[in-house]
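Next come two complexes, and both contain chain A; in the first it sits with chain B, in the second with chain C.
Up next is the complex of A and B:
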């Protein structure tokens, strides 16, 4: 699956995460993460994002993630919503 | 009578992770996750996804879980129902119920979705929100239309808007509706849950209104702020003295029956069958629960 648009989901409030997905110029899943707990949990947060993206079978995507202490369920939900919004925007334009 | 304790139902906007995660710590009998009025139109999809993930992942300490979906007349309601039923919440609160036909349709839909999700048909209960004059007039038909319907609830802001009147602190404008909801709920042995008290800084006002609701026959009240939970729980919980009195009534009535006596007196007051039944209900509902401690 492929996204052609940028879309976001989430917020900068405590316990949330702001996820912005956009089409990648490079190949693969590229994740840029900003988090106060990056040192401790950065790789885990990225894994949750990556696993969620894989469920959609999207191969090339850029993700900007600004984490405010989100738990896994919130990371999954925000990533899913951002992707669904990006896909929806694509289908509207098709 | 539905034996579930539903004194307080705490509204939690379903798009706020911090509030979702903390929802169970305030002692509300029911957590009421909201997909409707507290969620902006542009965030309906995000709230739905967040709630699905939360309900699938988090432990709410066995607190009863309710979800208020969007009206099935909106473009979000059916999506909400299809997403939420498979997770198996205890109750789904349906806004703007006006006719029995709406309930019958929703019941069938839920049954279909329950089967698909391998849930026992009938597992999920329905709470009907009465928010229009037409809904008030059709109350009895609405309640009689489904075995799933376990609670009636009042949506006061929408109702007063529908009637073209203002909501006041005295609440006279809601007296008839509240009375009718409590009466119909009692007739069908289901819960009657009162509308929210919007000024969460006015705790005295909340207590006063909750006491009035209880007097009319409501069994619980929706709350919009954690600080409202304790007051509402307290009002809808019998005191230790009331529990002890109820136990004494049942004990003496049982003795009287053994000796073939009819009417008895406890603490100088006559006890007949309705009073005995009320005492049994208090014991049945509250005595074995920690809530009275």
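Up next is the complex of A and C:
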């Protein structure tokens, strides 16, 4: 699948994560992560984001993630919502 | 912990006393020309706010008595989501020096700052480095075609609204004395002539010169984002013009001159506009810090009056088309005739 526009989901409030996805020119999943707990959980957070994207079979995507200590299910939900918003013209109350 | 907050987007109300008071508390002045304002209230008391002017976040404040409770994150998150929904590739914030660490923690990068205020920060999908890379590759492919040799690189930043013989004269001077001339033409669509019209006319004027390249100035040079006062003519407060001019000069030196190897910048002397005169002065003060010489060229005159685009626009307005002929090139003149016929019909 392919996304054609930029969309975001979540917030930078405590225990949340703000995910912004946009189409990338190069092939692959590029993740830029800023996190308060990057040292401890950086690779884990990226893995959760990557796995969620793979479920959608999207190949060219750039992700900006600003994490404030979100748990796995929150990261998954925010990533999914951002992708769905980027795929559809108008969906999911913003 | 705040339990009872209400968050609302409203149309800016410049007379709102509590809003103005909150801004003053954190050392900011209320601004005008805002599109939308976000208010965060705790039991009907305003505790945090932030506003948007295009893709710029301004008037950002959290009540000092309510700090360290995540209010800034709420404001920035909401404004960011709003901007992304409007397909903004990047966005800026004008902040007080004290707010910078917090904003950096929320994903912003400081571009440049002057004193305590304003500090300009940026975030988004496409940042200043990406823009400079685009310009750099344009210049590289231009050079490859023209067999350009190493030498001095000069630059001009022009609105060309519309392009006159004054512009041609400046370009001619720069072209003759430098290996390569980069003209940044303003991208902002806030002038009488559209960005596309201005660029097309300028392209025709420089068509014969094989060491002159025209590139868009984008979001970072004399744009509404970096120098709002340049476009808001009613706001002529000299001190704040000076601050924004300094900001713009530092941005040009720190990012554009350094990455593109620009050693000179040409400007025409400014007899009329207060804003441009202050701007030129600040360029002169600041650019040498980045190894760039500012070269001021005396404007050429026609019948004792300096040629300027503002003079052309004034004559257009007065419908004195015949008097414009000696001020502009043949192609521009043809276009202006066509343009004024079209606008007469409207």
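Note that in this section the second predicted complex is superposed on the first by the 89 of 94 C-alpha atoms of A that agree within 3 Å, B and C clash if a C-alpha of one lies under 4 Å from a C-alpha of the other, contacts with A are read in each partner's own complex, and residues count from 1 in each chain.
Everything that follows uses one rule, which is that a contact is a pair of C-beta atoms (placed from the backbone, for glycine too) under 8 Å apart; a residue touches a chain by one contact, two chains touch by 3 or more.
For clarity, every value in this text was computed on a predicted model and none was experimentally measured.
Trainee: Give one word, clash or fit, describing how chain B and chain C relate on chain A after superposing.
Mentor: Superposition result for chain B and chain C: fit.
Trainee: Between chain B (first) and chain C (second), which does A:14 come into contact with in this model arrangement: first, second, both, or neither?
Mentor: In the superposition, A:14 contacts both chain B and chain C.
Trainee: For A:80, is the partner it touches chain B (first), chain C (second), both, or none of the two (neither)?
Mentor: A:80: touches chain B, not chain C.
Trainee: First (chain B), second (chain C), both or neither: which does A:70 touch?
Mentor: first
Trainee: Applying the touch criterion given at the start, work out whether A:22 contacts chain B, chain C, both or neither, answering first, second, both or neither.
Mentor: Second partner only, chain C.
Trainee: Please state the minimum Cα-Cα separation between chain B and chain C in the superposed model, rounded to the nearest whole Å.
Mentor: Nearest C-alpha atoms of the two chains are 8 Å apart.
Trainee: Once the two structures are superposed, pull the chain A residues common to the chain B and chain C interfaces.
Mentor: Residues common to the chain A contacts of chain C and of chain B are 10, 13-14, listed in rising order.
Trainee: If we count contacts the way the header does, which residues on chain C are in touch with chain A in the complex?
Mentor: 70, 73-74, 76-78, 80-81, 84-85, 87, 89, 106-107, 125
Trainee: Mind pulling up the chain B residues that touch chain A in the complex?
Mentor: These residues of chain B touch chain A: 16-18, 21, 45-46, 49-50, 52-54, 56-58.
Trainee: Across the complex, what residues on chain A touch chain B?
Mentor: So the residues of chain A in touch with chain B come to 9-10, 13-16, 70-74, 76-78, 80-81, 84-85.
Trainee: Mind pulling up the chain A residues that touch chain C in the complex?
Mentor: Contacts found on chain A: 5-8, 10-14, 18, 20, 22, 34, 62, 64, 66, 68, 94.
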